[in-house]
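Lettered A, B, C and D in written order, each chain numbered from 1.
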Amino acid sequence: MDVQNLKPTGSFKLTRVGVTGIKKPINVKRPDKVVTLTGEMDVFVDLPASQKGSHLSRNVEIISEILDRSVRQPVLCLEDLCEEICHMLLDRHEYASSSEVRISADYFLEKALDSGKKSLEGYKLIAKATAKRNEEMAIKKLIGVEVIGMTTCPCAMETVRKRLTAEHPEAAECLKTMPVVTHNQRNETTLMIEVPKGYEIEADDLIQIVEDSLSSPTYEILKRDDEAEITLRAHENPKFVEDVVRDILGKILIKYENLPDSVVVTVRSESEESIHKHNAFAERVTTLGELRK
Amino acid sequence: MDVQNLKPTGSFKLTRVGVTGIKKPINVKRPDKVVTLTGEMDVFVDLPASQKGSHLSRNVEIISEILDRSVRQPVLCLEDLCEEICHMLLDRHEYASSSEVRISADYFLEKALDSGKKSLEGYKLIAKATAKRNEEMAIKKLIGVEVIGMTTCPCAMETVRKRLTAEHPEAAECLKTMPVVTHNQRNETTLMIEVPKGYEIEADDLIQIVEDSLSSPTYEILKRDDEAEITLRAHENPKFVEDVVRDILGKILIKYENLPDSVVVTVRSESEESIHKHNAFAERVTTLGELRK
Amino acid sequence: MDVQNLKPTGSFKLTRVGVTGIKKPINVKRPDKVVTLTGEMDVFVDLPASQKGSHLSRNVEIISEILDRSVRQPVLCLEDLCEEICHMLLDRHEYASSSEVRISADYFLEKALDSGKKSLEGYKLIAKATAKRNEEMAIKKLIGVEVIGMTTCPCAMETVRKRLTAEHPEAAECLKTMPVVTHNQRNETTLMIEVPKGYEIEADDLIQIVEDSLSSPTYEILKRDDEAEITLRAHENPKFVEDVVRDILGKILIKYENLPDSVVVTVRSESEESIHKHNAFAERVTTLGELRK
Amino acid sequence: MDVQNLKPTGSFKLTRVGVTGIKKPINVKRPDKVVTLTGEMDVFVDLPASQKGSHLSRNVEIISEILDRSVRQPVLCLEDLCEEICHMLLDRHEYASSSEVRISADYFLEKALDSGKKSLEGYKLIAKATAKRNEEMAIKKLIGVEVIGMTTCPCAMETVRKRLTAEHPEAAECLKTMPVVTHNQRNETTLMIEVPKGYEIEADDLIQIVEDSLSSPTYEILKRDDEAEITLRAHENPKFVEDVVRDILGKILIKYENLPDSVVVTVRSESEESIHKHNAFAERVTTLGELRK
């Protein structure tokens, strides 16, 4: 008899029981090719008070079966993979009333510079799904991206502009509009959005929205002219982390105007401040309905 | 004029704006002495749609003022420190309606083995507070601990017991009760509990509750006999991560029977499975009221 | 004119100048298929005292060119990829006299259990090459693996055996040979070996050598019988980290008896002790010649 | 009998056997007070081919005894603590011929801004010692610091200067000398230096040398004027990571002109490039004698 099936003493139900840190290769279908991502997964079900343990090996078996199949038949997207695992978790853990799956993976996209040069840039994909058995198998799933880019500080720029104008009165006129020295830094911004049943959201679009909301995207390869171009553009577009989050929220409203009000959106931006040892941070967790008010 | 005070275009309020990853030494008063902890802090306020940026330097100034004072007048506990910072955040960010502070720090306690030997063991303290301005400055605060210990698997133990009994029928009788071979591993368990106004919760008690709920606590120094003692005791007490979480919940109900129903409790246990490359995980997030049902 | 080409004041040569943390997908040819790994790379050249800066963008261009080509023509192994990048670094950094490349990547292998079941297991590959211009382009390259497995403590097992024998004299005879309770834990072992010119070393062989030297390999999927089998086998095979390192060294001598004495070998084993909060560690850095003495 | 003392089969000596990741509070005497640091320690001895295992519990006992004493009698510096542990390791591991100890710890120093404001800044201390039994107990010890600061790119600054001059010919004259827009970023620089017998090296001096060699130190608290001042100063002082390392080497030669030629110096600087997703890196590992040539 399974120890897991024993009736526990001191009985409480548990919110999440499962396995974390499972790494597996995942074949994902893209418009023009199949890419192999290295996914890291966490997989949970809940546990009623009446059951001593959860059969954790079933979680890993499910992942294995699905990913074996993905070698022949690539998955369409990570959030659909999460959903499929969620359903199978409820099938095989007969005692569970809910299931949850999270996947993250490095991901690469070719990006073009203004000069026409192309650079393969790295991002992180995040996907998550939760399922409930007794609500007609209600599924919630979300897709997200983590994007590294650049922010330039608007506040230091204005204080510096005043000081330079005082020191160089002869340049006062052009200092009014010229991009001026400020601190800038590496920024990591996360955007996650719920994907309601019947809708599709493309991770590449989320990456584009984030990159368009930073002072500038960053690139692995920059020759001298590109580097000057990117640096100047970032300084013509100074942004607090607050601005980055708000600009993403604004773009989300336009891009996904057809999505229902209930859709949950999380935007988080963190700058590794170059003039401090700590980071600057801004976040909004909300629904499209709230944003539309 | 401050750039931060500008009226933003494309205006959305933000849930959290602040600074993360601030490290500072904190002097904490213990019954018999003052200890210096190295705290890592995250500090946030919310931001209304009408304000372009949050004055982040105020956050760091507040921390600095309080910790300067703690050199002369040590803080009583980390959750009270969080609360005090929360209040000052609302004082100095006049546009904010809520504030939030999180602190974590390495912490050490002397623990005695049965043999009488003493060992200084390391833990992590976690504290958090949130304040809301328009609810009579409603404060919520919590204290938590992260404890490293040991779990031994009850399931493998029973399967192994059957196999050994079949292979060694002459030892069948004593195999019924003798601790039997199983996989065991390092486990990290987190317990966090809300501290309601007017109550005190001692982090050392939380550590004790967690250590009493594992298969065994672990120790930095173990001579051969102590090592055998701890190993055997852990095998007399096999536990799934599910059991660890439930045993903590049971002990919390007894220890804190005077705390109100509304108190939020989070228990999370993760075992670095020795026979797998992934971890086993169990969690309950609930209130004392729910647990008492 | 390039700032990098300026003559520096206060002139010292530098040992390593380059870029770290570059992530890229790498297509690698395996006997029966092409696999895509997500590699993380560090790429360096030295810098003479006469040159102000190194042209870092050239490093990333080289990686990009080679990996673009690998889409059509997969690389044979990571250490050859390191070597090729090393050569191109010396070609394009005309001032450099040495170059160095390091790559690490998650990697997966299908492993069979005794029960015949198959499980896809995760490992880490490590590759490195260094080149020197003025020694007929002398190249050194190495391949390595990081393997997660299981160790069971021989010392606690013997002390426990004595105690159990004293407590259960009736079982004394079978306790002499039966696997007995001990602490066991997750172990991470690294094996790196130089690949001399004209030789090939297969990473899969290195993984096998490490797994054969642990108390037991670990598996992502284990049904109850497999779990008991693996647990028992690990207890029939108790190992200190010292034993793991020595057993690997012994197997290396046999497997690679045809490799020259000059070949450098590094073996490192770290156990996340289940009864302590710290790790146990053993390491040998040596040459095959030293080991053969 | 100890399992560790058994004669091993398949016998090889081992370079390092010990324990890693031990965390302990350490009381350190400073000129004007005693500070408590949270140290993380790795402790090793070598192991001859004739000894099966190292008695790891002795390592932790030694640390414990010394740190217990440090409560009453604070240690003078981390490198002397390493040395003392090294000696005791050789005393208690009678089979060992060498020992090694590494400690790292967060550390804080009050720094003054030009405006007179003071800010408590965080650093990392690193200390290491190795001892050899058969060379009259030859000891080598080193002290090091990890410092977070700021670099501004000289290359992008010059390209941008040319573009701005072409676009704003009326400002050509003042653009010749005015600090001009460039990318800047958080930088982490490590400086480690051997402390020969009879000499003392103060970690605070090493921190000062690193901060004087960056484009600018960074500060936790900066009001608007300080922020502009630091930003401008960093732009008047653009630096590649190569420059940071070389400037530190130059200052080391002057500050430690009385130290012998044999002293080993390691300098490493890594910038989290704001316009790239990867880091820029420069390193020199050498001796004072080599630098003096």
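Operating definition for what follows: a contact is a pair of C-beta atoms (placed from the backbone, for glycine too) under 8 Å apart; a residue touches a chain by one contact, two chains touch by 3 or more.
Everything quoted here is computed from the prediction, not taken from an experiment.
Trainee: Starting from the defined contact criterion, work out which chains touch subunit C and subunit D both, please.
Mentor: Neighbours common to subunit C and subunit D are A, B.
Trainee: Taking each chain's centre as the mean of its C-alpha atoms, give the chain farthest from subunit C.
Mentor: B
Trainee: List the centre-to-centre spacing of subunit A and subunit C in whole Å, with centres computed as mean CA coordinates.
Mentor: Once rounded, the distance between the two centres reads 31 Å.
Trainee: Report the inter-centroid distance (CA atoms only) between subunit A and subunit B in whole Å.
Mentor: 27
Trainee: Where the CA atoms of subunit A average out and where those of subunit D average out, how many Å apart are those spots?
Mentor: 35
Trainee: Please set out, as single numbers or ranges, the residues of subunit B touching at least two other chains.
Mentor: 2, 22-23, 60, 122, 155, 220, 222, 224, 227, 276-278
Trainee: Can you check the complex and tell me which residues of subunit D touch subunit A?
Mentor: Where subunit D meets subunit A, its residues are 121-122, 148, 150, 155-156, 159-160, 162-164, 168, 170-171, 173-175, 178-186, 216, 218-220, 222, 224-225, 227-228, 230-232, 234-235, 272-278.
Trainee: Over in the complex, which subunit D residues touch subunit C? Could you list them?
Mentor: That would be residues 2-4, 8, 10-23, 42, 44, 47, 52-54, 56, 60, 154-155, 158, 240-243, 245-247, 249-250, 270, 276-286, 291 of subunit D.
Trainee: If you look only at subunit B, which of its residues touch subunit D in the complex?
Mentor: By the definition above, subunit B touches subunit D via 2, 22-25, 35-38, 57, 60-61, 64, 67, 106, 108, 119-120, 122, 220-224, 227.
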